[in-house]
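Here come two complexes built around chain A, the first alongside chain B, the second alongside chain C.
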Partner chain A sequence: MNVGNWRVDLEPRLTSPKWLYAAVPIGSLFCAFIVGGVFLAFTGHSPIGTFALLIDRGFTSTRGITNTLGTATPLICTGLAAAFAFRMNLFNIGEEGQMYLGMIGSAWAGIALAGYLPGFAAVPVVLLTGACTGALWVLVPAVLRAKMGTSEIVSTLLLNYVALNLVNYFIFGSRGFFRDPTTSFPQGRVIEASARLSSFGSTRTYPTVIIAVGLAVGLYWFMKRSNYGYETSVLADSPNTARYAGMNATKLTLSVLLFSGALAGLAGAMYVVGPAGKVDPGLLQVGFGYAGIVVAALARYNFMAVVLTAILFAGLREGGASLQISTNPVPISIAVVLQGAVLLFALGGEVFRRNRLRVRRVQQTVGA
Partner chain B sequence: MSNASSEAALGSHRLGGATLFALSARHVTKRFPGVLANDHVDFDLLPGEVHTLLGENGAGKSTLASVLCGLYKPDEGAVLRNGTQIRLTSPRHGLQNGIAMVHQHFRLVDRFSVAENVVLGHRNLPFRLRTNDLENQVAEVAERFGLPLDPKASVGDLSAGQRQRVEIVKALYQGAEILLLDEPTALLAPPEVEKLFETVRAMTQAGKSVVFVSHKLGEVVDISDRVTVMRDGRVTGSVARGEADTRKLAELMVGRDIDLSPRRSRVAAQDTLLHLDNVGLTRDGVDHISQVSFSVRAGEIVGIAGVSGNGQRELAEIVAGLQAPTSGEILINGARVNGIGIRNVRKAGLAYVPEDRLGTGLAPSLSIVDNLVLTRKRGFFVDRKAALDEAEAFIKQLEIKTPHAHTATRKLSGGNSQKVLLAREIFAAGDNSRVLVVCSPTRGLDVGAVEAVHKLLDEARAAGKAILLISEDLDEVLTLADRVMVLYRGSVVHEALGSEVDVELVGLAMAGLS
Partner chain C sequence: MNANVWVLTFADAFSIATTLILATIGAILTERSGVINLGVEGILLMGAVTAFLVGDATGNVWLALLLPVAVGAAMALIHATLSITLRANQIVAGLALVIFGNGLSQFIGKPVEGKTRPVVITPIDLGPLTDLPIVGPIIFGHDPITYLTWVGAVACSLYLNRTRPGLILRATGDAPATVDAQGVSVARVRFVHTIIGGALMGLAGGWFMLARGTAWSQAATTNGIGWIALALVVFASWRPLRAIAGAVLFGFTLQVPFTLQGQQINILPPEIVQMLPYLATLFVLVMLSTPRARKLLGAPKMLGQPFVRDER
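For the complex of A and B:
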């Protein structure tokens, strides 16, 4: 591109310096806020004031940060689910559906099993059941992919719609097991009290957040150190090399997809043992599954970064939502605009991580 | 260095004091991000001469050829045609000046016939194509330069050698006076190379000039009137016919003295470690391997020569346990290993260096350290501490050029990644691993790296390994093997002792003419 006497080029970087990995996301965030600020100014709001409020209600006030952590909890799980599969080049985009199934499975365990279990075992069993049903929901796509190479993208996506209809059917379409028989308004049957966790104090943060963060740390460490992590990284990098080394690609593929489904299922189960306590169609509105994919992508499939990104996302959402009830109400769409801007700038920032911007004076060359 | 002699070589073409070069490069400089591909390169091509451009991979030969044919614009410097500067804007523009390039990777349409491919892109075609006329014209051009081709044949059905002929005929048909052939022998069997050389001679007799790009020392001496050697983007010397000996050229290419003389076993071969008995592989009714029997003893290298695609890959994979043979027996250390899978074959004592270094032998995005543990027995956790120590020892001992042991193998040059692979399979494979299968270990490597790899294999042999060397590079087999076999269409068609090989017979056998 030529600008007057200057020539502007993007040149591929041979190596990306380490600081860029941190600078690019921070720069993206900054740019996103500038775009959001312009948007706010045009709609007659004070950018600085609004952002200060947003940050306060999303991150810095006690109320804000605890709300945010509560929202981030399932988002961390779906983010981990996506990151775990995507880094293996297995594009499980069915976290949404697997999460619904996790909700259904854990609610079943909470209703049918929890009463027979000793108190300390109820919550773990309910969570595990949710993880298992999430994994079960990805079983067919996983087998098709591992054995026959059928694209998991389409099959996992389609199952999201099946799962969505399944939840709607259980609550609105039938008077079955999951429906609360005592109310005429359709809603889920509440699980046993022993299978529920109470939040910290009067906040909306549940102890499950510790599990979610622990999972991220554990996965990070396990995949770095273990033979399983090693073999999956070889297979992801080069299937021929995995075959040469005698690795069992079918088993590895299957296990990765199933575990990814289990993590997404766990997100649904955490929702059940925490705030919901039942099969709650409210979960269908939030889109934690799809948001998890975005979180994973922004975190570049790094498990630790998933935690931070999920908290950032949850905070923007919480803060954005509470702006509606301020003195000069700002529509929720501002939070949506911000999220979109963060996303766009983060993706755009990648260009600068991979390439170097070079500006040169154009010289009159003899030959050209 | 040989300024005086090249002056002498040029002398005969001086016309009234001024030399009329068909094509010249003057101080051509071309940069790519992070690389200076051509650094003030001077190059002169006389009418009717074969001028070889010799250099290791990455020396900048293709870049220079691309500048000369109009594909790249030089950042600095000029291109002269018959003494006048030309500013080429495209390969088509180059063609208008009589300059054509045959690229390393062919640019043909598979579904078109030979004749259609030849006339493709030709500007002055009549509105109505008379296929017969075209085919006759194409056949006529092909005939004149000794390029046997069926103009009606579909290009998709042709061998690499035949496709190359199509490219050459295409250039000639479009009126090229100067042909730039980029690594034209890379894909050819020895008899095909000989044919190509005849074509090149026919072209120069017709007054055309040829720039012959190569990184293979062995072949350039025969064909060239002059050899210009490049290293790291610069011209390091220019040698006239008759003064070019391989050792001197190698030194110009690499910048140091290179020893590529044959290496043979210095100890008497001992007990048989690998034995194949009537091994065959039939898949979908096709015999990929039929009735192959041989054995490899400790302390020897058995070399399998042959043109690519005659069953080498299958043979290697059968021995390595990646494919099960459909008949016959394979014994390692006396134990039968048919179809027990590569992990178990490794346990039985096999190490395997596949032809595809980066996509099969190594995981390209993983570090040197991680690649060293690939074929190792690993516990629940991977012990990277030991692997790191090992990697650092190898890097030092084998002079592997890398920023550090955690560098991804895809960032290494071909020679250095091959050293990592060989180090793992020769030294780190465990104590009982005594059989080594190596496939085309120096394909695409520089002369310096070739020397290093050959030295490593020779040392492994001296240490008592039984080595099966499967290579499409005949020179390599002849340099290293104590016994030579030729694989043609899945069968061994020729066998000889390494020290008594009749090269002509081997060449014929490779072409299926024994």
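For the complex of A and C:
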């Protein structure tokens, strides 16, 4: 590309220096805050004051950070779900719907099964049921992708809208199993007490955060060390190589998508055993399935980094929520603007990690 | 229930189809150049909110339609820069655009949330044609943009298949190295068509707000129409004329739930009926995945692949 007398080139790097891995996300975050600040300034809010409040309420105050950890818990799971599929070049963008189904499945188990189970087994069974229903929701797109090569992008996404209407049907449209029978107010039926976890002290952090972080560490280790992790990464890099080496691409594709769906379902289940305790249409407003994709992309599909970016995003959301109740209320959607902007900048910044920017002076040729 | 209701349903199907055709043709132009832009839903939302805000501020319908075009082009420019110049992952870049558009439309639309639409695009009266039974309301009862869209789809088809730039565009999607060898800049072809595509998507969102919307509400405005448009691109096998037929069909599935609800026909709960357009779209995608259908489709061969001269 020529700019005046200068020639600007991107030259691929053979190795990226370590500091760039951290510099790109931090730089993206900084740029996103500038973009957010411009929109805040235009709408009559003080950018610095808003961001200072956002950071205090989201991260630095004790209440802020414990709220953030609680919010981050399901987000870590949807982030892991997206990272698990995306690093395989399988673009499951149906985490949102799979999470709703996880919520429905775990609530079913919490109401119907938990009463018959010994106390120690209730929570694990409820969580696993949620994971299974999440996986079930991605089954059709996964089979289509694995067997016929149908793009999973649009199919998983379309099912989000189906899942959304399914939850609405269970709570608002019918007086069925999931609806609280004791009141005419449309709300979910609360699951058995034995299947619920209580939070740490007076905080809003639930023990499920340990499971979420444990899963991230476990996946990181498993995908690095196991045969399965090796085969999936070969298939991702070169489907032909995988086929010549005798790997079963159909099986690998299917298993990756199903496990991704299970992780997203688990996010919904954690919401049920934790703060919600029922099928709660409130989760439909939150958009953690979509946010999980951003979290995963920002973490460059690294499972450990997913934990950090999920906490970061949860903090932005917690902080953003508290901005609504200040004197000059800022819409909570500023948090979503920041998320989208961070991702756009990170994608652009990725180029500077992979390539070296070289600017040279060029001789103007006569007559050119 | 009477036949008149179904005439109106078809008329609405043709009307909704305008948004779908505009967005689909935008996506077809983008994808024919080899760039995949999944950000349609985000661009539609931004187009819709822009139309609302401009209409609210100026009261001028045409200005309220023009600015969404610019906003759509600007968002497509972001996508083009990321995916063509910076060679980022186009799938993720498109998703980022959806999330960004979601948040931003909600943020700038917050002050007018729930307000009824300020200006309306009115259908033009074609005299005796509009008064024809059945055909009148279905075909001749629309606003100027709808007719322009039909003409535009035909023009786009001619452009793709009968002109030299159209040939270059198709070649850029299928064999960019050949285009490059001809001395034509692959990046320029892709930039231009991604931006034109985005402009059309912006118009689709703006028109939808002013013609079909009632009040601005971020959650309820486009409701996944952008994703249906992306499925339509496959359904139309990247051909503009087939997009018209597909759009009417999909417009019909989108309208039927409202007709049934309006007529108090409760064969299925409304929440279940609301699922039908998405399930129908999914079903169509499945049908199109059989090996036989796939052969007939002809997707651009280098769709989503960045072009780097040294590597070819």
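Throughout what follows, the second predicted complex is superposed on the first by the 305 of 368 C-alpha atoms of A that agree within 3 Å, B and C clash if a C-alpha of one lies under 4 Å from a C-alpha of the other, contacts with A are read in each partner's own complex, and residues count from 1 in each chain.
Here is the rule we use: a residue touches a chain if its C-beta (ideal position, glycine included) is under 8 Å from a C-beta of that chain, and two chains touch if they have at least 3 such contacts.
What you are looking at is a predicted structure, and each value in this text was computed from that prediction instead of being measured.
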A:L266 touches, of chain B and chain C: first, second, both or neither? neither
First (chain B), second (chain C), both or neither touched by A:I153: second
Contacts of A:V336 with chain B and chain C, given as first, second, both or neither: second
Which of chain B and chain C A:L166 touches, first, second, both or neither: second
Touching partner for A:A142 - first (chain B), second (chain C), both, neither: neither
First, second, both or neither for A:G348, with chain B first and chain C second: second
Touch count on chain A, higher of chain B and chain C: C
Interface residues, chain B side, partner chain A - complex: 33-34, 73-79, 87, 322, 341-343, 346, 352, 354, 356, 359-366, 370, 373-375, 378-382
Interfacial residue positions of chain A with respect to chain C in the complex: 39, 43, 86, 91, 93, 140, 144, 148-151, 153-155, 157-159, 161-162, 165-166, 168-169, 172-174, 287, 290-291, 293-294, 297, 331, 333-341, 343-344, 347-348, 350-351
Contact footprint of chain B on chain A as seen in their complex: 11-12, 14, 225-227, 229-230, 233-234, 237-238, 240-241, 243-246, 365-368
Contact footprint of chain A on chain C as seen in their complex: 38, 78, 81-82, 86-89, 91-93, 95-104, 106-108, 110, 218, 223-224, 227-228, 230-231, 234, 269-272, 274-275, 278-279, 281-282, 285-286, 288-291, 294
